[in-house]
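These are the structures, in structure tokens.
Here chain A shows up in two complexes: once beside chain B, once beside chain C.
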Partner chain A sequence: MSARIRTLLPLLDMECILQALDNLGERYTLRGNDIIITSKKYYVEAKLSRQNDGKYVLTGDTDVLTENFQKRLVNNYKSLYDSKVRRIREELEKKEAEAQRALEEERRRIEQERIRLQQEQRRLEEEREKYVESQKKKVYEKAKAMGYSVKETIVKDKIQLVLVKRTY
Partner chain B sequence: MLNVYDIEEKSEIYGPGIRTVLWMQGCRLRCKGCWNKDMWNFKPHKLFRVEELVEKVKNIYGIEGITLIGGEPMHQSLELLKMAMEIKKLGLTVVLFTGYEFSELTSEHEIKLWKLSDIVICGRYEENRRNIYLQWRGSENQRVIFNTKVYEKYTLAEGNYCEINIDTNGEMTISGFPDNFSEKDFF
Partner chain C sequence: MQEYKITVTIDNNGGIEAETKGFKGEACIDALEELLKDISEIHEIDKTDDYNKKVVQGEKNYITIKRG
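And now, the complex of A and B:
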């Protein structure tokens, strides 16, 4: 009396399938990877089996698998699936925007830190140069007071002062 | 290995012209009033192979030669002789500061090092004969001997000489025969 047909539906997401079945008022149970649907009307079983490629395939009695039921299940599923995809996309865009903002913030912070360190380095460099100059000035002053002549040369990165006091 | 206290790549006060100066670590003479007591002990300080030092000197542009001072260079005469021979091959001159007199030398390499040096400044530092207005010497008993013809026409320019190096951090190194000129003045 009953025929056995196999209809391929683009059903991929279990969460949406179960939600669609709830929306249609169908009862179901989970058995391994399969969703077992029991028709309210005829109390016969139909089965959504998960294939290796991730698709769920509907198998069952023709009385259960009326074209109307399939259409309603697929339409419901599609609507739920589209909402889910949209929600995920929006969530992703939100997260991307957050990440971008955080990145910009971090970049700004690092740039400020870089500028601060650069200024600090410049300050230290100026202080160092000032100190070297003051040391040199002290030597010149003391040498002069003691009657030395001073010859200044740069040896590599050092200042070399040769102090001579001749006694002819 | 040569035990070195310090190296000044370019100096103008330890011999004629611009010279690389090597202060050797270790001295048994321990003259009273010595200015370089840090160089008395023989603990390894900066150790170099002769070849390393020769290579280093070879890469210093514009020097007339090297000066060996200390400490007491004669305590490391075997290695220093090897170095001096290599330095001479480069067409550079050698100035040797030693607390010994020639008559006190006991080994062949000490004598060879002395004879190979173009100028030898010799004799103990005698505190009671201190005179800082003598070129290259710290006391009146010390002598300058021109060993080779290279500097036979050189005339000593008596006077007080010192050299102050200020590095990029403002740290100073004072060397020579400073007349009441010490680091203390700058700190």
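And now, the complex of A and C:
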């Protein structure tokens, strides 16, 4: 003979358990790790106790612990639990997309700034080179006009013009 | 034969340093002023015991002149 069994969904999340009890119209109080359910119908107590593995186990009066009650509790819990898991997953996905967008925007902004600074650096460099070249040209032309010969060299990264004039 | 030599050094910012050789007396200053008068403006002249040093500062560059 073979058989197949299925266990009830374990009750793990206290928020969903309490919401399920609310949905079923049950009264309850919290006592440490326990949820004490006071049956309206039979004025007896049942208890949902948190085990070491995190699961809540229902114990108590059998009048309260009817199979119907347990099924209704578990079904309600399952629906709430699934909704909660789905809601958190959706919120997480939204936040991840938001974080990605923010990172992308920041990256774009930094890149634009980098390009702007690069262009500015290039402009300053070109301006400086242009000015140095114009200085050289002015000295060269003036020296020639004054009758000097001009020899250009580079000494320690600087332009050097040696002007020589001889009179007899 | 008389040889007059002016060594003009232009740095990376366009600043100019000029050194003369072979000139007598104030002739070196005259030659440098003639050479550089349209390039920058003279702001002050500083003379030392050993040689005359002329500092010229324009809007954008400076010129140091040494007489040899």
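The definition used in the following text is that the second predicted complex is superposed on the first by the 153 of 168 C-alpha atoms of A that agree within 3 Å, B and C clash if a C-alpha of one lies under 4 Å from a C-alpha of the other, contacts with A are read in each partner's own complex, and residues count from 1 in each chain.
Simple rule for what comes next: a contact is a pair of C-beta atoms (placed from the backbone, for glycine too) under 8 Å apart; a residue touches a chain by one contact, two chains touch by 3 or more.
Everything numeric here is computed off the predicted structure, so don't read it as measured data.
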* Considering only touches as defined above, state whether A:Val155 meets chain B (first), chain C (second), both or neither. => both
* Residues of chain A at both interfaces, chain B in one complex, chain C in the other -> 128, 131-132, 135-136, 138-139, 142-143, 146, 148, 155, 157-168
* Asked: Which bits of chain B are touching chain A when the two form their complex?
  -> 9-13, 133, 157-170, 172, 176, 178-181, 185-186
* Asked: Of all residues in chain A, which touch chain B in the complex?
  -> 128, 131-132, 134-136, 138-139, 142-143, 146, 148, 151, 155-168
* Structure fact -> So, in the complex, the side of chain C touching chain A is made of residues 1-14, 16, 31, 34-36, 38-39, 60-61
* **Residue ranges of chain A touching chain C (in the complex, touch as defined)** => 128, 131-132, 135-136, 138-139, 142-143, 146, 148, 155, 157-168
